[in-house]
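Given below, in the form of C-alpha cells, are the structures.
Here come two complexes built around chain A, the first alongside chain B, the second alongside chain C.
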Partner chain A sequence: MNYILEARDLRKEYPNKLALQGLNLQIEPGEVFCLLGQNGAGKSTTINLFLGFIAPTSGAAFVNGMEVAANPLKIKEHLAYIPENVMLYPHLTGLENLALFSSLAGFKYKEAELLDYLHHAGLPAEAVRRRVGTYSKGMRQKVGIAIAVAKHAKVLLLDEPTSGLDPKASNEFSQLLTQLSAEGTAVLMATHDIFRAKEVGTRVGIMREGELVDVRPTAALNAQELEQLYLTYMHN
Partner chain B sequence: MRIFWLLFSYEWRHFRAAKGLVLLCALLLLTGLYGIYYGTTEMERQRQHLTTLPELSRRNVEELKVKFPGPADAGDIGYYHTTYAVHHPDAWAALSLGQRDINPYYVKLRLLGLQNQLYATDNTNPMKVLSGNFDLAFVLVYLFPLLIIALSFNLLSSEREEGILTLLLAQPVSPGVVVSAKLAFRLAVVLGLAWLLSVVGMLWAQVPLDGRVGTWLGLSTLYCLFWFGVALIITALQRTSAFNAVTLLGVWLLLVVLVPSLLNLGVAAAHPVPQGIELTIKQREEIHAGWDRPKTQTMNRFFALYPQWRDTATIRERFVWRWYYAFQHLGDLAVAKQAAAYANGLQQRYDLVEKLNLLSPAINAQSSLNALAGTDLPTHLKFQRSATAYHDALRAFYYPFLFRKVEFTHNDYAREPTHTFTSQPELSTALRGLGKLLLSVGVVFAAGLLLLRARPINPR
Partner chain C sequence: MHSIAQKEFVSTLRDKRFLVLSVLVLALLLAATLVGRASYQTLQQERQLAQQTVNDQFRHQPARHPHRVAHYGSFAFRPRSGLSLLDSGVDSFTGTSVFLEAHQQNSVNFSQAQQSGSLIRFGEMTVAFVLQMLVPLLIIFLCFGAFTQERETGTLKLLLSQGVSLRQVAWGKIWGYSRAVALVVAPALALAAALLFGTEEFISGTDLVGRLVLFVLSYAVYFFLFIVGAVVVSAVQASSRAALVTLLGLWILGCIILPKATANLGATLYPAVTKAQMDADVHEEAQHGINGHDPQDQRSAALKAGLLKKYGVDSEEKLPVSVGGIVMSESEAYSAKVYQQHFADLNATYKRQNRLSDWVGLLNPYQAIRPLSMGLAGSDFAHYVHFQQAAEAYRYALVQRLNALQTSMGYGDKERKLDAHTWQQLPLFTYQAPPLGWALPRLLLPVVALLLWAVGLSWLGLRLISNSRLA
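After this line comes the complex of A and B, so read on.
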C-alpha cells in the first residue's frame, strides 16, 4: 500500500520533555485523519515533523514515499499547511499574499484565478484588496485556506485550522475538506473540536503525552461516543 | 534562482512599507551628502589658505625691500623674512580628511631654529578637533554599520515573531534562499547608497579617475560586507529581534568605539612618545643659553659640523648674525634625538596599529581610506621631513651671505629656495587594508554559514 503520509517509530525528545514517543501512523490518499488531544499531547509536534520544521530524535516521517529529513524541499511540494493562527505580510493585500505564496509554491495564477480562490475560501470581495493588517483572525485564516487550496497539494496539514472562524465559516471549511478529500487529498488535522473531527474525519487518533493511544474510524462512533472515549483517555 | 528573485522583489515591497527604514536611508543619504560637503569645503578652505601664502611671502619681501632699500645684512633678512613650507592636499583628501585637521598643512619658517617652528600651528577650536571630521569616510565607517544593523537586526526574527515564517517555510523554499534573498536586497540598498555617495563625492571633489576609484569602492564594499557578515552570524543564532539589535549594537560599540580606544591606550603604552612641549622647551632653553655661552665655544661646536666655514673671521663683536644663527641651529641639534624619537614613536605607533587593525575593521577601513587619500600620519611625517629639508636648504642659501659677509641685494630674494609638497597616496597601505578586510569578510561569512548549517532555521 502506498501511504501519502507515514510515520515510522517517530520520536521527538527535548532536553526536558519527551514530545513524541514512537509514533506509527499511515494515512492514505483521500483520508481525513484527525488528531485529538490536550495541549502538549504531541499533535503539533507530529505536524512539525511532517513539515520538516524539526528533526526527529529517531524514526522517520514520510510524505508521498519520501523521507522528510532527506527531502526537506521536495516533500513541501506535496504539502499544504494551515496553522492555528495564519499570519501573513500585513502591508500586502490578501490578493498579494496569495499571489506571493502561490508563486513560492511554483504556481503563477492570473488575478481572476486568485480572486476565485479567495472567494471560495470565503473572503469577502471588499477585503481582497485591503491590507492584511486590517484583517480579523478569521479573514487571515480564510486567506490561509486559499493559499493551501491554490497549492493543489496531495496532503493538507492542519493545526487547529478552524480556530477563529465563525460557525458558518467553520461549516464551509468542513465542506471544503470533504470536497478535497473526495478529490484524493489526504488531510492530517490536529484539533480540539471533537464534533468537527467526527464530522469531517475518516479516522480519529487520540494522543496523550506524546503517544497515539487510540485510533478509531469515525464511522464506528457517534459524536457522544467519541467525546466519551476522548474524555476517558484524558481522565486516565 | 526564480525563488531568490521573487523573494528579492518582495523584499523591495516590504522595504517600501517600512517607512522608518526608508526615512533612515534618506537621512543617511543626506548625512553622506553633508559629509561630502564638509570634506570638500574644508579642503577648499585649506587650499584657499595655501594660495594666499605666496602673496603673504611676496608682501613680506616688499616690506623688507622698503625696510632695507639697499644691500643689507643677510642676517637681518633671514630674521625678518617669512617663508612657508606648504602641504598641498590630494583631491581625494576631501573624501577622507584624516589627520589634515589636527596636523598643520603649512609651516611658517624663518631662518631661526627649526623645531619650535615645525610644531607651531594655528590655534584651532579644541572642541572641533575633539568632535573629529564629518567627512564621507566618517559616514561610511561609523554610520553605515548602524544602517546595516537597522536593516538586518530582524532579518528573519521579525517574520518568526509575526508568525509568517511558518507559512513561508511550509512552501518548497530553502531557508538558505530566504536568508540570502533578504541579505542580498539589504546589501543592494546599502551598497547602492555607499556607491552613490562615493561617486557623488568623487565628482564633487574632482578626483582623478585612476585605480584609486576601484580601491575606494572595494574598501567600502568589503567594509559593508563585513557588517552584513556580522548580521548573518547574529541571524544564525535565531534569537529575538531585541536580542539581535542589542547584540549588533554591542558589536558596533566594541569594534567602532571600544577596540579603537583600547588599541590607542595599548599602543601609547607600548610606544611612549616624548611630549612635543618638552622638546620645544628644551630647544628654547638651549637657544636662550646660547646668549650666555662663550662665542668661541658655540662657534667651535658649529664649525665641527660645518668645517667649510671654519676659516671665517673670529667673532669679536658683541653681536653678529652668524653667531646668532649658529646657536639657533645648535638648539635644533640639541633636541635632534628627541625630535627623531618623537617622529619615530609616532611612526611606530602607526605601524603597530597597522599590525593590530585586523581586530577592528573600522580602524582598518578608516586608515585605509586615509592612506588612499594621502591624509594619514606617514604622509604628514613625510611633509615634516620635506619641511626640514627645506629649512636646511634655506640655511644653505643664507650661510654664504652670513659667513662670507656678502651683502643681500633685492635680486637675491628671487634666488631664495621655495617649498612645495603634495600628498601622495599610500597605496600599499590601502591595498593591505583591502586584503585584511577581505579576510575579515571571509571569517564572518564562514562563521555565519557554519552556524546556519549547524542550527537549521526553526520557523517557530
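After this line comes the complex of A and C, so read on.
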C-alpha cells in the first residue's frame, strides 16, 4: 500500500519533555485523519515533524514515500499547511499575500484566478485589496485556506484550522475538506473540535502525553460516542 | 527568491517608520551633497583666485637680486579634488596653502578646521559621513526584524511550508532590502554625479568617472555587508529586541569605539614628532651643512677655496661665477636633503599609524570603507602628502634656479639686480592631482578587506541562517 503520509516509530524528545513517543501512523490519499487531544498532547509536534520544521529524535516521517529529514524541500511540494493562527504580511493585501505564497510554491496565477481562490475560501470581495493588517483573525484564516488550496498539494496539514472562524465559515471549510478529500487529497488535521472531526474525518486518533492511544474510523461512532471515548482517555 | 525580494521591497516601502527614516536620511544626503558642492566651489574659487594673485605678484616683481626673489617666495594652494564634495576626508584638517621660500620647508597651513569653529572637530555632515554612519543605522532599523519578526508572528513557517529554504528566504530578503537602500541612496549619488559632470571642468574627467564608479561600488559592498550582517543577526537571535540591541552594539563598536581605539593605539605604538620638534631637528641638522648667509662659515670658505682651485685663479674677483650663488645652491641642497629625510621619517610614522587602522579594516568594515572612500575621493593622507611633495619639489627647483641665476651673475652679484622680465620666465606652480592608477595600489588593503568581508560574511552568515531555528 502506498501511504501518502507515514510515521514509523516517530519520537521527539526535548530536554525536559517527551513530546512524541513512537508514533506509528499511515494515511492514504483521500483520507481525512483527525488528531484529537489536549494542549501538549503531541498533535502540533506530529505536524511539525511531517513538515520537517523539527527533527525527530528517532524514527522517521515519510511524505509520498520520501523521508522528510532527507528531503526537506522536496516533500513540501506535496504539502500544504494551515496553522492555528494564520499570520500573513500586514503591509500586503490579501491578494498580494496569496500571489506571494503561490509563487513561492511555483504557481504563477493570474489575478482572476487568485480572486477566485480567495472567493472560494470565503474572503469578502471588498477585503481582497485591503492590507492584511486590517484583517480579522477569521479573514486571515480564509486567506490561509486559499493559500493551501491554491497549492494543489496531495496532503493538507492543518493545525486547528477553524480556530477563529465563525460557524458559517467553519461549515464551509468542512465542505471544502470533504470536496478535496473526494478529489484524493489526504488531510491530517489537529483539532480540539470533536464534532468537526466526526463531521469531516474518515478516522480519528486520540493523543495523550505524546502517545497515539486510540484510532477509530469515524463511521463506527457517532459524535456523542466519540466525545465519550475522548473524555474517557482524558480522564484516565 | 525574487518573490521574497519583491515582498520585502514593497512591505518596506509601505512601512511608515521606514519612510520617515529614509526620507530623513535622503534629505541629509541631498543636503550634504549640495552643501559639499557649494563648499567645494567656494574653496576651489578662493584657491584658484589666491593662486592666480600670488602668481601675478611673483611674476610682476621689479628688478631684483635673485636671492631676494627666492626669499620673496610664492604660495602653493592645494586644489580640491572633484569627489571631495562627497568625502572631504582629511582635507578639513590639513592645510590648504604652503609658503614657498629659500632655505625653508614650510608646512601646509590654514586648514578649514583652523579657521572654523570648534564644531568641525565633531565631524562634518558630508555625504561620506551619512553613507558610513547613518545609512548603516537605517539598514539596522530596516533589517533587525528580518527573521525574528517572521518567527514571532509565525509567517516563517507558512513561508517555509511553501517549499523554500531558509537560505533562499535570506537571499530574497537581502535582495529586497538592498533595493530599498538603493532607493534611498541612489538619488543623492545621482545628484552628486550630475553636479560633478554638469560643470565644464569635469566634462572630460575619465579619471573622475573611474573614481566615482569605484566609490559607488565600494559603498554598495559596504551596505551589502550591513544588510547581510543584520539579516544574519536577526536569524540567530531569539527576539527582535535582542537582534536590535546586538546590531546597535556592533554599530557602536565598529563605527565609534574601534576607530578611536585604533587611532589612539596607533599614536601610542608609533608616536610622531610634533611640528615644532621636527622644525627644530631639521634646523639643528641643517647647521651641519653650509650656511649660505654666514660669510664666516668654514664650509663656505672651503667651497670657495675649491672654486679658486678649479678655475685656476687666486681671487674671488676673477671667478666667472658667484661664490654666493654656489654656496646658496649647496646650502639649499643640503637643507632640502635633511628636510626630506625628516619628512620621510614623519610620513613613515603616519603611514604606520594609518596602516594599523587599515589592517583593523580586516576586522571592521567601517575602517575599510573609510580609507577607501577618502582615497577614491582624493582627500586622504596619501593625496595630501602627494601635494606636499609636489610643492616641495617646485620650491626646490625654483630656489635652485634662482641660485643658478645668482651664480651666473659672477662676482659682485650682490650689488646688481636682474631685470623684472627675468621673473616672467620662471615656471609657476601648477598641481596635477595623482590619477586613479596611482591611488589604487595604496587602497589595496581596504579593497581586499571589504571583499573578504563580503565573501566571508555571505558564506558563514548563510550557513548560520541555514542552521538557525525556525520557531
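Assume the second predicted complex is superposed on the first by the 236 of 236 C-alpha atoms of A that agree within 3 Å, B and C clash if a C-alpha of one lies under 4 Å from a C-alpha of the other, contacts with A are read in each partner's own complex, and residues count from 1 in each chain.
The rule is simple: contacts are C-beta pairs under 8 Å (C-beta built on N, C-alpha and C of every residue); 3 or more make two chains touch, one makes a residue touch a chain.
None of these values were measured; they are calculated from a predicted model.
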Review point. Fit or clash for chain B plus chain C once both are placed on chain A?
Key: clash
Review point. Which holds for A:Tyr89: it touches chain B only (first), chain C only (second), both, or neither?
Key: both
Check your understanding: Looking at the overlay, what does A:Ala55 touch: chain B (first), chain C (second), both, or neither?
Key -> first
Review point. Touching A:Ala197 in the superposition: chain B (first), chain C (second), both, neither?
Key: neither
Exercise for review: Pick one for A:Ala80: touches chain B only (first), chain C only (second), both, or neither.
Suggested key: both
Practice item. Kindly classify A:Ile147 by the partners it touches after superposition: chain B alone (first), chain C alone (second), both, or neither? Key: both
Review point. Of the partners chain B and chain C, which touch A:Leu5 in the superposed model: first, second, both, neither?
Key: neither
Practice item. Kindly classify A:Leu114 by the partners it touches after superposition: chain B alone (first), chain C alone (second), both, or neither? Key: neither
Exercise for review: Would you sort A:Ala127 into first (chain B), second (chain C), both or neither based on which partner it touches?
Suggested key: neither
Practice item. Between 275-283, 293-301 or 365-373, work out which stretch of chain B sticks into chain C after superposition. Key: 365-373
Practice item. Could you tell me which stretches of chain A are touched by chain B in one complex and by chain C in the other? Key: 51, 53-54, 73, 76-77, 79-81, 83, 85-89, 91-92, 96, 100-101, 103-106, 144, 147, 151, 157
**Study point:** chain A - residues contacting chain C, complex
**Key:** 51, 53-54, 72-73, 76-77, 79-81, 83, 85-89, 91-92, 96, 100-101, 103-106, 131, 144, 147, 151, 157
Exercise for review: Name, in rising order, each residue of chain C that touches chain A in their complex.
Suggested key: 3-4, 6-7, 10-11, 14-15, 153-155, 157-165, 470-471
**Study point:** Residues of chain B that touch chain A when the two form their complex
**Key:** 3, 6-7, 10, 13-14, 17, 162-164, 166-174, 456, 458-460
Revision key, fill the gap. The chain A residues in contact with chain B across the complex are 48, 51, 53-55, 73-74, 76-77, 79-81, 83, 85-92, 96, 100-101, 103-106, 144, 147, 151, 157
